[in-house]
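Here's the structure, in structure tokens; my notes come after.
Chains: A, B, C, D, E and F, in written order; residue numbering restarts at 1 for each.
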Amino acid sequence: MAKRVLLICFLGLVFAFASADHSPLQDFCVAQAGNPKTVQANDFSFSGLHLPENTPNPVGSEVTPETVTHLAGLKTLGISMVRIDIAPWGINPPHTHSRATEIWLVLEGTLEVGFITSNPDNRLNSKILQKGDAFVSPQGLIHYQRNIGFGNAGTVAALGSQNPGVITIANVVFGSMPDISKDIFAKAFQVDKTIVGKIQSKF
Amino acid sequence: MAKRVLLICFLGLVFAFASADHSPLQDFCVAQAGNPKTVQANDFSFSGLHLPENTPNPVGSEVTPETVTHLAGLKTLGISMVRIDIAPWGINPPHTHSRATEIWLVLEGTLEVGFITSNPDNRLNSKILQKGDAFVSPQGLIHYQRNIGFGNAGTVAALGSQNPGVITIANVVFGSMPDISKDIFAKAFQVDKTIVGKIQSKF
Amino acid sequence: MAKRVLLICFLGLVFAFASADHSPLQDFCVAQAGNPKTVQANDFSFSGLHLPENTPNPVGSEVTPETVTHLAGLKTLGISMVRIDIAPWGINPPHTHSRATEIWLVLEGTLEVGFITSNPDNRLNSKILQKGDAFVSPQGLIHYQRNIGFGNAGTVAALGSQNPGVITIANVVFGSMPDISKDIFAKAFQVDKTIVGKIQSKF
Amino acid sequence: MAKRVLLICFLGLVFAFASADHSPLQDFCVAQAGNPKTVQANDFSFSGLHLPENTPNPVGSEVTPETVTHLAGLKTLGISMVRIDIAPWGINPPHTHSRATEIWLVLEGTLEVGFITSNPDNRLNSKILQKGDAFVSPQGLIHYQRNIGFGNAGTVAALGSQNPGVITIANVVFGSMPDISKDIFAKAFQVDKTIVGKIQSKF
Amino acid sequence: MAKRVLLICFLGLVFAFASADHSPLQDFCVAQAGNPKTVQANDFSFSGLHLPENTPNPVGSEVTPETVTHLAGLKTLGISMVRIDIAPWGINPPHTHSRATEIWLVLEGTLEVGFITSNPDNRLNSKILQKGDAFVSPQGLIHYQRNIGFGNAGTVAALGSQNPGVITIANVVFGSMPDISKDIFAKAFQVDKTIVGKIQSKF
Amino acid sequence: MAKRVLLICFLGLVFAFASADHSPLQDFCVAQAGNPKTVQANDFSFSGLHLPENTPNPVGSEVTPETVTHLAGLKTLGISMVRIDIAPWGINPPHTHSRATEIWLVLEGTLEVGFITSNPDNRLNSKILQKGDAFVSPQGLIHYQRNIGFGNAGTVAALGSQNPGVITIANVVFGSMPDISKDIFAKAFQVDKTIVGKIQSKF
């Protein structure tokens, strides 16, 4: 019977990704390609979250996710993890995870973090975090992190979904494929279309 | 027993708003202040969704919501409704509802609508809608509407939460209380701080 | 990675329909047969909800659903829509949706609508609706609509499930395949078996 | 801390009944009026399910529920139980539980049981059960039981909700308060209004 | 359309077991191998729960489950059933079901039953049950049953998951494959490793 | 309106703890005693997770939780965090969280970790972790950690519930209040009652 469950899970892993978080229906659901018998501790493990990553992108940060796409053992278990590295005065730019609340733990450095509540208040709750400090950003709210120290800042975060999704505001509004009409952003942000065009050209 | 359930619901209505959508535990949970016996059809009804509203705001649109805040009968039932009016070339600016998928139905006019997928694709799926056309924007994705016709445009939308929440991107990133640091947006949008300041001054 | 998610979703669309509403695990899950790259705005759109349908059936009404069976884009998103047309004095007969609350919006005409609470109260909450009025029928409760005006009545409704299910009382109790024993309905409705037989013969 | 959780639960028990089934947030949530310290095994226990009840009502059956209304220990736990007694040729008339699947176990006697699928098939799945037989009626579908033996029939059933709700078809359609218009049922069941009136007079 | 849903469910039954309990998306999801048309009442029925089973194992009890593994009709319906037989002074040893609350009903005999709350209280709630008595063990808590009568004891139980899972404490801690280090259990239970070794040798 | 939601949440915080994880109905639900206006960033933040705690207990480990009991901001958000310190050769003894999957991240030291699958396989999946390694223990399964290095070991863990619950096996089975009968454990673990008595005396 155990083998049958594994076989079912193996096939399920390949064929069916589209269900609800939490409340799993079996212990776990993971299998290596072609051979469901090879389930092992490594399917539930990953390494290197203590190592800072380079931060080569224009905003000065790098995100290293461990979601169900990277670790099959997370399937149906409703949680995932990520490491974020930020260079001095770099930012993890404003973004949202529509399917997960996030808790950050600062491993090193000094970060300003914040989230903004939904309409109509749009209230910013921000705080400066040091090593060992943690902060919760509620599900779906836009949040950011900024390194305000002299050295690199590193954090790990846990998120309440096997696949939380990331919507980076600037990328979505100015870098979509194809572009959204300049007219829309000129109105939404109440600026000239030429400014919108300039911004779009960078994404 | 029915009275007892109503009494419990009445108190629950006042005291406890903080649970999960869907899967209600009773037929419904609604009561007028002070007298649970007065539950009636009006608690489940609202009017006037056929009437265009004025669109006095700078973006040329007006949103008239019917959520659990406006209609107690929606409590625990996981759905709500909204009417949106947009003046010619006005927009319902890019926003997201982190707790709900939305379906729009065009009552009159011609609209361009679209949503953008999450990272890394940020793909825009847009379409021009006429009277009688409907469009689905998946839960948590940023979406917008633009009136591209000569007259007013009116739509009704249903959302899969009693309280879907609205996060209007421009308001959140440029109009939060207090302001987010100009530095963060200059980096995120890769523009001068002076431009960020100009935009913030309008929100 | 995006292609891989699409491929998984495409296969999931074909092979696995049996999971829980709400809390999706990805932006959406839709694909055309044979080619997951062809996801497009049309997968999230449908048309013609402003057009009255003929009402040729004996009860004088016609229901035009847009559920996940008709629109793949609704998969995992927990919502669907329907148009209902009712001829003068026709009815949308008493029925229930066990998986969804429903909100109707009257597009034209005058309707009497109502739902009945569960045991032991079985209280009817009914109301007369005009154009622009809306009404909520809580999940699982039996409800009906009757055109009490002089012209056709048209409504659209949103339902909180991608596949709400319809259980039309008269069809289920008198028109099942095979028939339920006459004896059961004679007892349940406290009438002669000959009357039960007459009613069954019409379904 | 334990006392605090109990106090919170005690108040929650009185004030807030309106949340979702399953996925509890604490071991359990139960308290006696006025003193949360008195939680005990009796809050999770009930007796007498082996004893046949009289079946005095017109349909020849009696239902003895043990839901959260009767046993506080069931709160947030998503399950309940019921005993059903049916006199020879009596019936448990067609009804539905919109919030629960039901499993019956026959303790004594011989029963015909069945459920009918939703539209458009309305297929009856029925079976004759003896002592020790069990049968599953899926969530929301209309089902019934009929004693077809010479002695009394007794069953216990488990339901997947702390408060499954009961919608007895005949009571709802012919016995609501106030009555539904005769015209509606004459159309829905395609019979004379006089027959509808006769049936209504019995409920 | 009905056939298509069945085909989808049939394939789903084979390929995808990994989703959440409750809130089904269709009436049910069951099919015989190779031919989805053969859905029938037997897919929702099982027999023999009135018959005592032998209790040949060292603890003097036998468990006869009816979960989704044994009865395809339970798929997506969030409930299952089990019969437990216990010889005089035999036990159903301490175990937990992490995915389900359980309700027992005593069919014959006299049982001591109990569950223990989580940290920090670890309070035992126990009770002696006779024929016709029922008892609820909340989701995830460790519980046991002991026959304290002179004859056999038989109970049926309903559980709030199609696949509740069983974690028998002694088997897991002393009988895992491979063994957990003796050192861990010597520390955890504060006994000599030689005692741990003796216990492990029996599992 | 925002104030009203806060007031409702404030009262809800005090009176109603008993609902389902995830799928919040508002941005968050937190308030200081007596004054809902004082919501602030500190309600979402905690400190000191980088600091090793003393490990004075007999098993050589200390657990420092940050759940909803400690941080009101976690309410309705379905996630929590914990720091675990283990002295050399100390253990975090076998235990389970019935409401949450757990991910550990090793901050310092060398740990052996493992979880055991449910019946009938009871398969141990274990692994040695170094600084920067992470490991997932699926919801409800019994797991443990052992420091096998020369210095202290420190980990942080995220759990998918605001209140995951802890069931430490040894404490529950040998240290419940009141004690479980020796006879039950003698049978369950297949040892002499005198050994059971010795073990019970230590808890």
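Annotations
Keep this in mind: contacts are C-beta pairs under 8 Å (C-beta built on N, C-alpha and C of every residue); 3 or more make two chains touch, one makes a residue touch a chain.
Owing to the predicted nature of the structure, the values given are computational and were not obtained by experimental measurement.
Steps from chain A to chain C, minimised over paths through touching chains, total 1. Distance from the centre of chain E peaks at B, each centre being the average of the chain's Cα atoms.
Rounded to whole angstrom, the centroid-to-centroid distance between chain B and chain E, based on C-alpha atoms, equals 45 Å. Chain A and chain E have centres, each the mean of its CA atoms, that are 37 Å apart. Inter-chain spacing, taken between the CA centroids of chain B and chain C, is 24 Å. Residue positions 1, 12, 15-16, 19-24, 27, 99, 114, 118, 121, 126, 139-141, 165 of chain E are each in touch with at least two other chains. Those residues of chain C that touch chain A in the complex are listed here as 1, 4-5, 8-9, 11-13, 15-16, 19-27, 29, 75-76. Only residues 12, 14-23, 69, 99, 161-163, 165 of chain A touch chain C when the two sit together in their complex.
Those residues of chain D that touch chain E in the shared complex are 1-2, 21-22, 24, 27-28, 39-42, 44-51, 66, 71, 73-74, 77-81, 101, 103, 105-107, 114-115, 117-118, 120-121, 125-127, 129-141, 156, 158-160. Taken together, the chain F residues at the contact with chain E in this complex read 58-60, 89-91, 93-94, 96, 98-99, 112, 114, 116, 118-119, 121-124, 126, 139-142, 144, 146, 165-181, 183-185, 187-191, 195, 198-199, 202-203.
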